[in-house]
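We just call them A, B, C, D, E and F in the order they show up, numbering each chain from 1.
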Amino acid sequence: MTNLKTFSGLAALGAALAAAPAWAQEAADASATAIAPYTYEQIVEKGDVAWMTMATVLVLLMIVPGLALFYGGLVRTKNMLSVLTQVFAITAVVSILWVTYGYSMAFTDGGAWNSFVGGFSKAFLRGVDATTVVATFTNGIYLPEFTFVAFQMTFACITPALIVGAFAERIKFSSLLVFIILWVTFIYFPMAHMVWWWGGPDFLAEQQTALLIAQAAGDTAAADTAAANLAANGLLWNWGALDFAGGTVVHINAGVAGLVGCLMLGRRVGYGRENFAPHSLTMTMIGAALLWVGWFGFNAGSNLEANSITSLAVINTFVAAAAAGVAWMFAEWFLKGHPSLLGLVSGVVAGLVAVTPAAGFAGPMGSIVLGIVASLVCFFFVAYLKAALRLDDSLDVFGIHGIGGIVGALATGILVNPALGGAGIPDYLSVPGTLQVGAYDFGFMITAQLKAVLFTLAFSGIGSFILFKLVDMLMGLRVREDVEREGLDLAEHGEPAYNM
Amino acid sequence: MKLIIATIKPFKLEEVREALTTVGVRGMMVTEIKGFGAQSGHTEIYRGAEYAVAFVPKVKLEIVVPDVLVDQVTSTIARTARTDKIGDGKIFVVDVEAALRVRTGELNEDAL
Amino acid sequence: MTNLKTFSGLAALGAALAAAPAWAQEAADASATAIAPYTYEQIVEKGDVAWMTMATVLVLLMIVPGLALFYGGLVRTKNMLSVLTQVFAITAVVSILWVTYGYSMAFTDGGAWNSFVGGFSKAFLRGVDATTVVATFTNGIYLPEFTFVAFQMTFACITPALIVGAFAERIKFSSLLVFIILWVTFIYFPMAHMVWWWGGPDFLAEQQTALLIAQAAGDTAAADTAAANLAANGLLWNWGALDFAGGTVVHINAGVAGLVGCLMLGRRVGYGRENFAPHSLTMTMIGAALLWVGWFGFNAGSNLEANSITSLAVINTFVAAAAAGVAWMFAEWFLKGHPSLLGLVSGVVAGLVAVTPAAGFAGPMGSIVLGIVASLVCFFFVAYLKAALRLDDSLDVFGIHGIGGIVGALATGILVNPALGGAGIPDYLSVPGTLQVGAYDFGFMITAQLKAVLFTLAFSGIGSFILFKLVDMLMGLRVREDVEREGLDLAEHGEPAYNM
Amino acid sequence: MTNLKTFSGLAALGAALAAAPAWAQEAADASATAIAPYTYEQIVEKGDVAWMTMATVLVLLMIVPGLALFYGGLVRTKNMLSVLTQVFAITAVVSILWVTYGYSMAFTDGGAWNSFVGGFSKAFLRGVDATTVVATFTNGIYLPEFTFVAFQMTFACITPALIVGAFAERIKFSSLLVFIILWVTFIYFPMAHMVWWWGGPDFLAEQQTALLIAQAAGDTAAADTAAANLAANGLLWNWGALDFAGGTVVHINAGVAGLVGCLMLGRRVGYGRENFAPHSLTMTMIGAALLWVGWFGFNAGSNLEANSITSLAVINTFVAAAAAGVAWMFAEWFLKGHPSLLGLVSGVVAGLVAVTPAAGFAGPMGSIVLGIVASLVCFFFVAYLKAALRLDDSLDVFGIHGIGGIVGALATGILVNPALGGAGIPDYLSVPGTLQVGAYDFGFMITAQLKAVLFTLAFSGIGSFILFKLVDMLMGLRVREDVEREGLDLAEHGEPAYNM
Amino acid sequence: MKLIIATIKPFKLEEVREALTTVGVRGMMVTEIKGFGAQSGHTEIYRGAEYAVAFVPKVKLEIVVPDVLVDQVTSTIARTARTDKIGDGKIFVVDVEAALRVRTGELNEDAL
Amino acid sequence: MKLIIATIKPFKLEEVREALTTVGVRGMMVTEIKGFGAQSGHTEIYRGAEYAVAFVPKVKLEIVVPDVLVDQVTSTIARTARTDKIGDGKIFVVDVEAALRVRTGELNEDAL
C-alpha cells in the first residue's frame, strides 16, 4: 500500500537511520530486548470515504466550471471558448491518462528509478480493486484504493489546466493537447511520485521495528533491507520537504511551466497597445468563488481522513484566502486608487495557492499572516515587476501560482513550528505505531523547503522548455496572426461564445 | 423632411423622449454608441495593466421630422439634454429626400 | 423496508425459485438439516448518511443551476427565461408531488398491482419517521428512510426536467406544467417502481431461508408464501435487468418522452432557415460542468453507501464522461473541421448518460470503451441522422439521453462481466446473508437488458403520446406563432433575461 | 465545551428549576436515593465530521458565488461589480474577525454579561486545538471544535452580506466596510450568543443530576451552583425560543438592519422614474439555485450530526422552498398576469428563509404549508405594500429575509407540535442523559417565539440605526449623485463588469 | 448615390437581405436599435415594480446605392418587410455626395 | 459641414481614432455594426446544424467635419484602415445642414 505527502521529520529520521546504522545501533541497544514485530489492522471508515468522495467532487468543481470561468472571464470575448475548451479538454484527456498509466507512474514503486518515478505495475489499474486499500496519515486507518485513485486523478487534471492561462489567446489547440500529454507524462507524474510516494505510517513502523530487531539480533542483511525500505520514498520526500496539498507538485510546477510557455510563445499581438480588458469579470468572480469553494476539497481532502485536522485545514484555507484577498484589495486601493473586484479575487487565489502546502501544518493565525505576505508579494510581482519585464503571462499563472507557491512552500517550513501555532513535524518512528510531534529545527526545515522549491523550478522549468521546443518544432505552438486577430473561438473552434 | 441626429447622455434618454412626444414627435431610432469627444473616458486597471478608455457611452437618436418641426425638435432636445457638463452632446441636421411607411405605403410626411 | 435497483442475478434466481419448487427442493434437500431462520440487525452508519446527504445535494445542483443553464445557453436569448423557468418550476412542483404521493407510488408494495406500481400507504409520508430505515445493498446496513426519500426525490425532479429540451422555444408554460404532473404520475412513478422496488438483501435472505426450511419441512403453504415474497419485486427487476443509477428509469424514459413531444409539437418557426445558434455557450459550459459534478451524486449516490464501490462509480463516471467528450471532439474535428466546445460537452453528457446504468457494475477500462462507443453513436445520430429526418428535437433530448441511455443499458449487460473487469452479477441467495458474485451468462443478461429497453421505449412512448394528446386537446400545447417569434420570455413570463 | 441552538422546552425547564428550588426539591425527593453523578464519554464520529465539513463548504457556496450572483443579477449593469465586491469583501473581512474575536464573543462564557455576549477567552482561537470538542444535540456525541468554528464562521459571513441588498447601487464601499465591522461586533456576535449559547446535553444532564443530588443531600450551596449552571445560557435560549438554523440570528437580524439602512440612505436617484430592471436574470437564477443548494448545508448542517434528522431537515428545506416558489409563481400569475422567473425564485428564497428556524422541528407537510404562507405574505409585502410605502429596499432584504424570517420564527412555535407532524420540544432534563420529547404548550411556545422576534427587531433595529448614524457622521454613507449615475463599478472600483 | 435607411422587424432581416441581393445590392450596414413609434412596447414587472418599456427592438439597415437603384431597393424592402402589422418600419432616403472603397481607393459608384 | 460615415475593421478602431486626432478631428460617434459585403462570413456548426453567418463584425464611425477637412479626414481613414484584404470598408460623405452643441448652444462649425 502507498500514500501521498511529505512528512519530513520522519523522512529525515528515516534517512538518518538508513545512513547511520552506528547511531541507530546505539538507539537500538537501549530497547532491544523489549521489541516485538509490529502488527496492525487495516481499518476503513465510511466517514473518511464519504468525505474523500466529496473532496474529489470539489476538486472537479474547481476545474470545471471553476478554473474555466476564472480564466475565461479574463480573456477577450473572441477567445472565451478557446479557454473553456482547453480547460475542459485537458481535464478529459488527463483523466484517461491517469487511469491508464499516470496513477501507476506516480504511486507505485519504481524499482531502480524509485527516487524519481514509479513503474507500470498498476497500468490500466491492474491489481486495483474494491478490496485494495492505501494508507492515510494515521496508523491503522486506510482508504479504499479506488477512493485514492479518484482523488489524485483530479490533482493530475487541474495542474496542467492551470498552465493554459500563461499563453491564453494565442496557442494552437492541437499543439496544446500534444504538449499537455507530454507534460503530465514527463513532468507531473514524476513530480507527484517524488513528493508524495511513501510507505505510510504502518509500513514505516513495521520496517523501523524490523530494523531495531535486526540490529539487536546483529542480522545485518535484515537491517539493511529494513533500512532500504525506510528510504524507499520519493526524492523530495526523503529530503524532508513538507507539502500538504501540492504547493510544489501543483502550483510551482504549473507556474514555471506557464512562465516558460509564455516566454516561448511570445507576447500577444497588440500587447501594450490594445485593450486586453477582461470580457466578463462576472464570470471571473464565479470562477474565483468556485476555486475557493473547491479548494477545501483540495486542501482538506489532502488530509485523507475526516477528523479535526480536516477542519483545521478548512479554517486555514478560509482565512488565508480571506486575508490575502483583503491585503491585495487594500494594497491596490492605496497604490492604484481603487479596490477592484479583480484585485480582491486575485488576492484570494494567491492566498489559496500559498496556504496549499501549509494547510494542515500551520495554525489559523499563521495562515492569516501567510495569506497577507503571499498576497503582497504576488501583487508586487503582477502589478509592477511583470509590466517592467514586459512579460505577457496573460492570466498571471507564474505571478500567482508560481510566486504564491514559492512563498507558501518556504513559509510552510516556518509556520509548522508549534511555537508559532503550527502542528509540528510528524514523526512516526520514535514510537513506532504512533504519530509524535518531532523537534522543530528551523535550519533543517527551511533548507528542505528551499531545496524542494529549487528542484521544482529547475525540473519543471527545464523539462517544460524541452517539451515546448519539441512541440514547436513538430507542429508550431502559435496560431497565425490573422487567427489571433479574429479570435481563437471562430478560427479554431468554429463557434462564437455568445449570440446575444 | 430632415433627419435630426442627436447624441446625448444615456440617462437623459427617457426625459428627452418624453419631451419630444409632447412636441409631436411620433417615432425615432435609438442606438447605443461610444462617443469620442472632449469628455474624457476613464482609466481601468487590471492587475497592474492600465487601459485608458477613450470612449464614453452615449445614446444616438435619429428622428425624421417635417421641415416645420426641425427648430422645435432641436431646441427641445437641447433644452432637455442639457446638464451644463462636458459631454452633453451634439445635434446635427441632414436633409431627407423621401420617406415611406412600410405597412401602408404612405409617402414622405405622411409616413412619419 | 424497501430498496432500489436491480440486481438481476438474484432476480433471476428468485424468479426461478418461485417458478420451480421442484428444482429448489433438490437444492434444499442437500442442506436442509443445517438451516436456521435468518436473523439480522439493522445498522445505520453516519458515513453513509453523510455521503447520501451530499449526493442528494449534488443531484439538485445538476438540475438547478446545472441543467437549467445547459439548456438555457443553447436557446436563443429571447427564450432563455422560459427554459430556466420550466426547469425550476418542474423541480418545485414534482418535489411536492413526491412527498405527497410519488414516493408511496414508487416505493411501497402495490398489492395486486405490485409488478407495475406501488400503493398509497405512505402518501403524505405517513409512517415515515426518524426511526424508519431502508435497506442498502449490503446485508445488515440500512439508511434512514428520510435520507432515501430525499435522494430519490431529486431523481423524480430531474427526469421530467430533462424532457423540456426536446420542445424548447415553443411550448406553452401552463400546458407543460399540466403535462409534467400527469407524466410523473402515470409514467415516472410506476417506472421507478418497476425497476427499483425490491425487498433488500436481508429480506431476501430471510425469505430464501424460510423457503428452504419450509421445503425441508414439507410445509407447502409456508414455501409458497416465501416464494411469493421472493418474487414481490418490480416487473423489470424480476426480469433481471441491471440499472445502477437510472439508465432506463431516467434517461431512456425522458428521451422517449422528449421525442414524442417534439414530434407532436412540430418544428420551430424558422426551422432550417433561421439561425438557431446557442445564445451563450458559456452558460452551456457551466451547465455541462455542473451536470458532470453533480452526476457523481447521481451515480455514486445510487450505491447508497460510502464504500469502495462508491469510489468505483466515481471513477467510472469520471472516465466514461471524459472518454466520451474526447471521442465526440475528435469525431467532430475530423468530420466537421473543428473541435467545438459544444461538441466536447455534448460528448461528456452522452458519456454520463451511458455510464449511468453501468456505474457500479463496469470497470474503469470498460467505462472508457462505453464512453467512446456511446459518444460516437450519439454523435452520428445528432449530427447526421437527425438532420436527415428533419427532427426538431431542439436540445437533443432523444439524441443524447434516449440514444445514450439505450447504448448504456445494453452495454451494462456486457461490461458487468468480471472477465471484462466488471463487478459481476450480485447474488444474495446462494449463501443467504452474504453478497456473492453470480455466474455471468451473456445470453441471459443481454436479453434482460434488451427487454428492459424495449419495455421502457414502449411504455414511455405510448404513455407520453396519450398524455401529450390529452393536454393538447384540453388546452393546446403550442404557443401562437407571433409569441414564438417575439420569444417566450416576454410573451409568457413578462420579462427579458438580460437588460445590459 | 459549548454549543449552538435553542432547545426551549429544556430552556424553560432549566429556568424553572433555577427559579423554583422548592418545586425542584419535591421532584428530587421522589428519586433522590437512586441518583448517581452523571458521567459520560465524548465520542467524535467521522461521519459527522465529513458532513459538517461539507455543510461548511455549502454555506460558503451560498455566499460566493450564490448570494453575490443573486444580488448582482438584480442590479443594473453599471453596479454589478459593486455588489459582487461588497459580498466578497464582507466574507473575507468577517472571517478574519471571526477567528480573531468573533468566535470567542459568540461561543464562550461571558461572565457577568453572559446573557448577552461571551468573553474574549478564546480570542485568536486560543485554547482551541485539534483535541478540543463541542457538544452536539445528542448525549455523548461531540464534534471537533475546529469543525464547529469553521461551520459557524460561514454564518457570521453570510449574515452581514445579506444586508447589502437593501441599499445596493448607492452606498460608499469604504463606509460599508466600516459599518459591517461594527455591525458584526456589536450586533451579530452578541445575537449568536444570546440565541445559541448553551452547555450541551451532557453538561445539562450533569448539572441537573448534581442539582438533584445536592437537593437530596440538602447542600444548598451546591444546588445553587448547579441551578446557576443550568441557567448559564444565552438570553433568548433561556426564554425557550426555538431557532434551528438562524431565523432570528441571521434573517430577521439582517432584514431589519437592511430596512434601517435603506431608510437612512434614502431612495436611489431616479426611483420610480427610471427603469431599474435587473441586468441579468440568468445570474439571479444561478444565484437563487446556489442559495437553494447551499441552504442544505445551512439548515441540515445546523443539526451538527449526520443522522435521520439531518435528512428530515433536507426534506423540509427542499419542499418548503418548492412550495413557496410555486405559491409566489401562481400568485403573480393570477394577480399580475405572468408567472415570472424572478417571482418563482423570490418565492424559493422566501421559503428557504421561513423554513430556516423550523428545519429540524417541523414535519414535511408542515413545511409545505409554511412555505406557502410565508411566500404569500412576502409577495404581498414586496409587490404591494413596499410600493405603497415607496420603500427603496433595492433587493428586498427586509421584504424577504425580514418578513419571511418573522413568519418562519412564529410558525416554528406551531409546527414543532407533534400533533402537526413536528418533532416536538426537546427535553434533556426529565431523564438526564437522554433526549425526550417534552409536552407541547401552544401558549408558551408562541410567546417565546414572539418575544424572540420582537427582541431581535428591537435590538438589531436600534443597534443598526446607531451604527449607521455613526458611520454617516464619520464618513458619509452615500456616494455623490454623479457617481451614482455613472455607476459604482467605474467610480468606486475602477472597472466595468463586462467588455463584450 | 443615395443612402437608404430602413428600419425593420428583426426577424425579417434575413429575408430582406436575400431579396436585396437578388436586386443587386452588394453591401450594407446593419445595426440593432431600439425603435420608438406607434407600436407600443411591453410592460415588465419585477417583484411588483412595473416598467413600461417604450422601445421595441428593431434592425436598422443602411445601404448606399446608385441613384438608378433607389426605387427598386426601397420597393424590395417595403415588399419583403411587410407583415401588415403596426411597427413594420420606415424607409428614408438621404443624398450621398461621395463614396470610397478603402481597400482599392475606388470612388463613388465604383466603390459600392 | 459634412457627415463622414466610415465602416472599418474593429481592430483598426484605435489606430484610426488616433490618426484622426492628429488631423484635428475632435469628436465622433462609434457604433458596432454587422457588415454585409464581399467579405464572406464564417460557418458555425452546432451539433450538426450548420449556420452560414452572412455578416461580419464591423465598426461604423460617424464624424461631422467642416468642409475644409473632408478630404484630409477621408484620406486619413483610408490610409490607416487599409490592410489590403477584402472587407477593409467604405467611406461615405453626406451633407450636414446644421450642427449644435447642447452644452453651450454653439452652432455649426463652432459646435464641432
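Brief remarks follow.
In this text, a residue touches a chain if its C-beta (ideal position, glycine included) is under 8 Å from a C-beta of that chain, and two chains touch if they have at least 3 such contacts.
Because the structure is a prediction, the values reported are computed rather than measured.
Each step here moves to a touching chain, and the least such steps from chain C to chain D number 1.
In this structure, the chain pairs C-F and C-E differ in their number of contacting C-beta pairs, and the larger number is found at C-F. Centroids built from CA atoms put chain E at 57 Å from chain A. The set of chain B residues touching two or more other chains comprises 14, 31, 44-46, 94-95.
Looking at chain A, one finds that residues 45-48, 50-51, 54, 275, 277-278, 280, 286, 336-338, 340, 342, 494-496, 498, 500 touch two or more other chains. Chains touching one another form the pairs A-B, A-C, A-D, A-F, B-D, B-E, B-F, C-D, C-E, C-F, D-E, E-F. Of all the residues in chain F, the ones that touch chain E in their complex are 2, 5-8, 31, 33-38, 54-55, 58, 60, 74, 77-78, 81-95.
Per the touch definition, chain A reaches chain B in the complex via residues 275-278, 332, 336-338, 340, 342-343, 346, 382-384, 386-387, 396, 399. Those residues of chain D whose C-beta lies close enough to touch chain C in the complex are 45-48, 50-51, 54, 58, 76-77, 275, 277-282, 285-286, 288-290, 292-293, 296-297, 300, 305-312, 314-315, 318-319, 321-323, 325-326, 329, 336-342, 344-345, 348, 363-365, 368, 423, 498, 500.
The touching residues of chain B, counted against chain E in their complex, run 1, 3, 14, 17, 26-31, 62, 64, 94-103, 105, 111-112.
Residues of chain A touching chain C in their complex: 44-54, 56-57, 60-61, 64-65, 68-69, 72, 80-81, 84-85, 88-89, 91-93, 95-96, 99, 124-125, 130-131, 144-147, 149-150, 153, 173, 280, 283, 286, 492-500.
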